[in-house]
Each structure stands twice: as structure tokens, then as C-alpha cells.
Amino acid sequence: MSIKVLFFASLRDEIGRGDDELDAANINTVADVWSAVSEGKAMPSNLLMAVNQDYVNADATVKDNDEVAFFPPVTGG
Amino acid sequence: MSIKVLFFASLRDEIGRGDDELDAANINTVADVWSAVSEGKAMPSNLLMAVNQDYVNADATVKDNDEVAFFPPVTGG
Amino acid sequence: MPKVVLFEGAFEPYRELMAFEAGLVQQHGAGQYGATTSFVGTMRDFNEGDDVSAMFLEHYAGMTEKALEKICEQAMADYPILDCLILHRVGEIKPNDSIVLVAAWSAHRGAAFDAARMLIETLKTDAPFWKKETLKDGARWVEKNTDG
Amino acid sequence: MPKVVLFEGAFEPYRELMAFEAGLVQQHGAGQYGATTSFVGTMRDFNEGDDVSAMFLEHYAGMTEKALEKICEQAMADYPILDCLILHRVGEIKPNDSIVLVAAWSAHRGAAFDAARMLIETLKTDAPFWKKETLKDGARWVEKNTDG
């Protein structure tokens, strides 16, 4: 399964990159994606997540070719 | 005592004039002014009153050369 | 410094706001406010279920300006705002004409919203203006404002 | 129809508002709204006690526009408003630059105020934007917005 993963703002700085192409088996949920890309880092409690540009929870399912994004609380306006 | 009296909007239409020069003795309060100019008409419960362009109550005192205004609820904005 | 203006003819509320804001920046320097809330009241062509083709806005010259200035002072005292502005039309007006603009500038949005709301609500109860609507078959005084 | 625009360079919020409003009158006819509330967020040169000389506004191209459009749809569903507008700056910005405008048009002022407030509050929690401030000695991500 191929997943495009995006990181924004301070999380991108922490993770050390802005995007990732995840190509792995055994990926069912957004939480699985996080585990696969975060090198063991616990999921921050205020982390925001989106699949194909819609907000979701960590237990949302992902499928092949989805775009999954992780980012910190937003600070626009 | 000489008092300038003003009426606005629907009240002016009802009273039949926009202003009055009141020249009378025994005038102590705004209520007295109303009695002297309204030809026995009872004071409307929602009547607004001003002396020298500041809102007052009916029992506010008036003095020589004051400008007293009576008007209905305001509807600007 | 708060400003109050009555207009006897049509006025463009946002152009006036922009001009006032330019003065604000000149007076206080750039970057001093983060939030501006403005409200513009525009003449509708309907009210209470009737078509309204024109309106006359009567005021009490002298007291009206004084009342608006007091409302600005009260807003400056009650909210942490940098400045505020009230513009109001008087005389004969047509549908789609601007009637009123109120605006408040603050560091944060809460105060800007609260102050702008207070400005228009207080204007609606305290400022000596009276609307007379022209209908198809005559004219009528508006007896009270709609609730905010 | 609600409109959402992201600007990569400086924009003049009230000129954009006036242009949108002209389209509104053309679309619906004159006299259809009586109340417009707008909020403009402007970059301050101070935050959390520090001087801020510049700011970078990051966004998530695609999702940001989608999130703003959803906020507009929600406002149109939740309040009796005729229309609404959201404009937001992205990229490098300087003190006194406009960051955001939200505006709502309605028959009455209550709905216009409530909808404008909802637009900016929801934008502040839901729209993917992140501010990075340039200070004298480095840069920092803004961690959370101030309360409304």
C-alpha cells in the first residue's frame, strides 16, 4: 500500500522532513501511518490529522494512494 | 421664565408643531413643561426627554433659557 | 481619537473607514492593533412585510452628535480598544444606501467584536434619530428598532 | 455565493469587501441586506511580550481552501445570512499587513454579528494555517491562538 504523508509547521521541523512516501503492508489506520513514519515517537495529544484533506481521528482507516497529513494546532487568522 | 421647547418625529406630527417658546411662571420641572405645552395630553409612557441636549427624567428641574426636547423612542442605525 | 460624523448625502463607509485607519496608523505607529470589527447598516427595500421605496432620517442637530460622542467615550472606557468610529447618514435616503458604520480597533478580536456590538446597540437605543418610511400609499414613522 | 480567497501578497481587505458587495447587489438586487459585519485581523508588531518584525504564514494548499469553504457553508446553514466572505493571507508578512477578513451579510444585525464571529472563531480552530514569528534573536512557531 502506498500512502503520501505530509507534515506541517513545527511538526515538520521535529520530524525533520515535510513529506514521505510510505510503502508498507499492515497499515490500516492513521495511527498505523504515524507509527510507521515517526520512528517510535508518541503521538502528541494535540496532534491534528487529515486524510485526503479532511480532518479525521487516529482510528480512521486509510487505503492505497491516500494523502495523510499530520500537523500541530492551527494558528491562522 | 423662558423655555425653548422642541418636538421631534411622530410626536411633532401629533403635537402639530416642531418648537415652542414657553414663557410662563410656575414651571419647575420637565413634567411642568410638558403640561404647559401639551394641552392636557398625558405623557406617553415611552416618551424621551432632554434638557440642553442631555437625557433627563420628567422630574428634572428646568431653569430660564433651557432647551427642553420631547421625542418618541429613537430608530436610527 | 474617536470620531463621529453625520453625512447629509451618500457616503462610502469602507472608504471612510480606510481613511480613518490611515490616520490611526500615523498617530499610533504601525502594528498597534490586531483586530478591527466594523458594522454597516444598509437601507433595505422591505420592512415589517412592506415595500419601502425611500426613507427620511430625522435627527436632533447638536444632541445627536453629542449622544454619539458619549457612546464612543463609553466604549473607550468599557473595552480595551485603541480607537472607534461612528458614521451616520441623515436626511432623504434610498434602498441600498449606507445608513451607519461603527468600527472598533483593538489588540485582540474579543474586545473589537464586543465594542462594535456595544456601539451599534447603544446607538440604536440612545442616539436621537428617527426613520420615516415612504411606502406605496403614504409614509409612516418606524416605531421601534428590530431587536439586535 | 460564499467566496474564499488566499492571497500570496498584500491585499486591501476593504477594497475586496467592496468589490464582493458590488457583486452581491448585482446578483440579488439592491436593498436585500440591512446588516454587514466584518472582521479584519492585522499583524501586530508585538506578541506575548516580544517584538515581532515579520511573520511567515504557512498553509496546507488544497486543504486550507477546502476548510475555509466548509466554514462558509456551515455559517450559511447556521445563520440567516445572505452571503459571506473569507480572505486570508499566506507567506511572508510584515507588521500592519492584513492577515484575514471575514464578513457576513444579513437582513438584521444580530445574525451578521453572530455569523462573522463564528467565521473567525471557527477559522482560528479549524483552518490549516500556522504562524512563525521572526524575533530579534531567531524565529518561533506560534503554539496557540489567543482566546477570542
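Here the chain labels run A, B, C and D in written order, and each chain numbers its own residues starting at 1.
Quick note on the criterion: contacts are C-beta pairs under 8 Å (C-beta built on N, C-alpha and C of every residue); 3 or more make two chains touch, one makes a residue touch a chain.
Values in this document were obtained by computation on a predicted structure and should not be read as measured data.
**Student:** What is the chain whose Cα centroid lies farthest from the Cα centroid of chain D?
**Tutor:** When every chain centre is compared against chain D, the largest gap points to B.
**Student:** For chain C and chain D, let me know how many angstrom lie between their CA-based centres, rounded off.
**Tutor:** Roughly 22 Å separates the two chain centres.
**Student:** What is the distance, in whole Å, between the centres of chain A and chain D, each centre taken as the mean of its C-alpha atoms?
**Tutor:** 27
**Student:** On a C-alpha centroid basis, what's the spacing between chain A and chain B, in Å?
**Tutor:** For chain A versus chain B, the centre distance works out to 72 Å.
**Student:** Among the residues of chain C, which ones contact at least 2 other chains?
**Tutor:** 41, 120
**Student:** Hunt down the residues of chain A that sit against at least two other chains at once, touch-wise.
**Tutor:** In chain A, nothing touches at least two other chains.
**Student:** Any two chains that touch count here, so list every such pair.
**Tutor:** A-D, B-C, C-D
**Student:** Touching chain D in the complex: which residues of chain A?
**Tutor:** So the residues of chain A in touch with chain D come to 6, 8-10, 13, 48, 50, 53-55, 69, 71-77.
**Student:** What residues of chain C sit close enough to touch chain B in their complex?
**Tutor:** Those residues of chain C that touch chain B are 41, 57-60, 62-63, 66, 88, 99-100, 120, 123-132, 141-145.
**Student:** State the interface residues of chain D toward chain C in the complex, per the touch definition above.
**Tutor:** Checking each residue of chain D against chain C gives 12, 14-15, 17-18, 25, 30-46, 95-96, 107-110, 112-113, 116-117, 120, 146-148.
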